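Common to both upcoming complexes is subunit A, partnered first by subunit B, then by subunit C.
So, the complex of A and B:
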């Protein structure tokens, strides 16, 4: 579901997190300011090669990530095929795929603590307006930690509903999922808050 | 203008005083969950048993200041949990029933290091202590693994490791084995038995209490029995048999 850190001894793993994030930002800017197919395709090929060779990542990591956005890529191409033309659609789809995979390569080769340290450094000037960078960093780390957990809880609710003969697809099933999931997540949030306190987080 | 109340400087903690509850009561809204609790816990191993909803989880949370009593005072080694919450939490580690709620970082090693970071331990010492704790609890090979891929038993070990790495003077465990199978329950029981720290364990697993010094039975928000494990557990069984 989420391409998390994949421990390897590689060049990309050793590259400082700040550099990788900067490259990601520059790549995003380039791909969007020069909206042509060769640039988008080049970016995609570059990202895949970098991830596989310089990052020594298993191809499965990238495939899994690509599959997660496949629906959107197809939807975008279809939309453009109707609204504008197929070429624009393909360019946009490849662009999206390149950026998603680039982000996946960065997350898979960078420890969250290193990412968080960069986020905290970038947010340091916000201290002047009373924001604590350490808190932003913690929020980022916790988001990464809890996304798979919330997904797991959603699966468990779906299973429970299916076990009692409920529908698991369609808009009605979604509504029936959201309410118990929200309750479960709010309860979880309460205990997590206590745990942060118990482990000495600065929540004053 | 509202002013923040300046808390008094923390007095030097006195470990011989143990955990003391003086006339403690707690109310959530209109529901009274604890009333008139007067206790001094100085034993090395204290167990707490009680039915669901008896108030034992609130009792556990009082002991490290996660919950401040609505009446009375809780003193940990002489420190009042209402006024010295920070010092109290440093002294008393807390393990929750559901490890998923207390693992806050994506990977194992990062999560164990979290409490140390809060204590301001420098990075190299942090790495050393994390590695040492992970090795001691058989999690070393999982150091860089995502926490959500661990088994239930491993997650609970990770949660305990994340607390022990902070070297608290006392540890409170709230139903640490409720979600675990027999093997992992035994593993946690052995781990608890081997700790140097004073321990308070809230549990439904009565076997866990065998070697304990003292067991409290909580019912309807009161401590209704307070004894050695065998007579206390017998009293608890008798109490439940009447329901």
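So, the complex of A and C:
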């Protein structure tokens, strides 16, 4: 499955995932506690420079993310231009862009496995309430395997229904597809769980 | 938690991802097409129950956060957690939890109507109750403006709630995963 990670040899890629996440959290706290245009614009400029130079990311990665939230930026600026003043609107819009791009830079420069490791580490204290952090890794691995499996079974059911003729459209088609799909994949998950237990997953 | 339960949790996280791949259904008289992804929220709660449904959506958010493009439209990564609509994402595990609680409560008399109550309260009520104040706080706009902007999604969400209720009733008959508490207690 295609991840949003962009492989490059760069300083930012080598920085530990935990550090990058911490910086992201701090950045978020700063731009929200000091809601002024210079702070927001500085954060945006810093993030873009960091991503392009220290992360050696192609500009297209940042452009794609910016485009995804463009509707929000326009809506927020337009709303504030009418309701309060343009400056508040621009500040809020720039702040949004800075945060979204910062998060995109972290995602593009950090491997999925490194981030899963951070999740497991963060969840380590949950051991006290009986949660085994290794189970989180197992759940992530199972979900990743189930995504193509579920899609494949859905295709198979759709093909079988098409072979029997008749074509249903709209919400009803979704119901006719998902009921057999759910039963089929629930059985599958049940079997996978038992198979894992038979191989000692429950004691791991 | 049993490995089987963990597999169910992983399954519904995966199912929510796959629902995001389905082409959006265009609904006439609606400016935005509806995507099937929040159907995963209602289904996880209604089929797995409160605890496993909550964990399934939490796991789905982990998949999004670690950089997999599993949100509708191939989006993902940490950006979506800091954008103005992030409140809707955060609400998903809670929505599944509340849907699950209601379905567990109404399990013995689960029919289209009671299931619809569960999916509407959990899958729409909780999701909007978290998502709309988040937009308002994020964009410094009053609650009413954020709520008005979200109204366009209500018809689509109602359609999804009905679909989820139909599915919940059908799956309860075909492959019940939530067991009756009393039955569980008397088992040797």
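The criterion applied here is as follows: the second predicted complex is superposed on the first by the 126 of 204 C-alpha atoms of A that agree within 3 Å, B and C clash if a C-alpha of one lies under 4 Å from a C-alpha of the other, contacts with A are read in each partner's own complex, and residues count from 1 in each chain.
Keep this in mind: a contact is a pair of C-beta atoms (placed from the backbone, for glycine too) under 8 Å apart; a residue touches a chain by one contact, two chains touch by 3 or more.
What you are looking at is a predicted structure, and each value in this text was computed from that prediction instead of being measured.
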{"item": "Touching partner for A:194 - first (subunit B), second (subunit C), both, neither", "value": "both"}
{"item": "Contacts of A:174 with subunit B and subunit C, given as first, second, both or neither", "value": "second"}
{"item": "Per-residue contact with subunit A, leading partner among subunit C and subunit B", "value": "C"}
{"item": "First (subunit B), second (subunit C), both or neither touched by A:142", "value": "both"}
{"item": "Which of subunit B and subunit C A:7 touches, first, second, both or neither", "value": "first"}
{"item": "Partner chain(s) touched by A:106 [first = subunit B, second = subunit C, both, neither]", "value": "second"}
{"item": "First (subunit B), second (subunit C), both or neither touched by A:202", "value": "both"}
{"item": "Subunit B and subunit C contact sites that coincide on subunit A, given as residue numbers", "value": "4-5, 112, 138, 142, 144-145, 149, 188, 192, 194, 196-197, 201-202"}
{"item": "Partner subunit C, residues of subunit A touching it in the complex", "value": "1-5, 21, 24, 28, 35, 65, 68-69, 72, 75-76, 79-80, 83-84, 88, 92, 96, 99-104, 106-108, 110, 112, 115-116, 119, 135-136, 138-140, 142-147, 149-151, 154, 170-171, 174-175, 178-179, 182-183, 185-190, 192-194, 196-197, 201-202"}
{"item": "Contacting residues of subunit A [partner subunit B, same complex]", "value": "4-5, 7, 111-113, 138, 141-142, 144-145, 148-149, 152, 188, 191-192, 194-202, 204"}
{"item": "Subunit A-touching residues of subunit B, taken from the complex the two chains share", "value": "61, 64, 66, 86, 89-90, 93-94, 96, 98, 100-107, 110-111, 113-115, 118-119, 144-148, 162-163, 166"}
{"item": "Subunit A partner contacts - residues on subunit C that touch it in the complex", "value": "1-11, 13-15, 17-18, 21-22, 25, 36, 39, 43, 47, 59-60, 62-63, 65-70, 75-85, 138-142, 145, 149, 159, 162-163, 166-167, 170-171, 174-175, 177"}
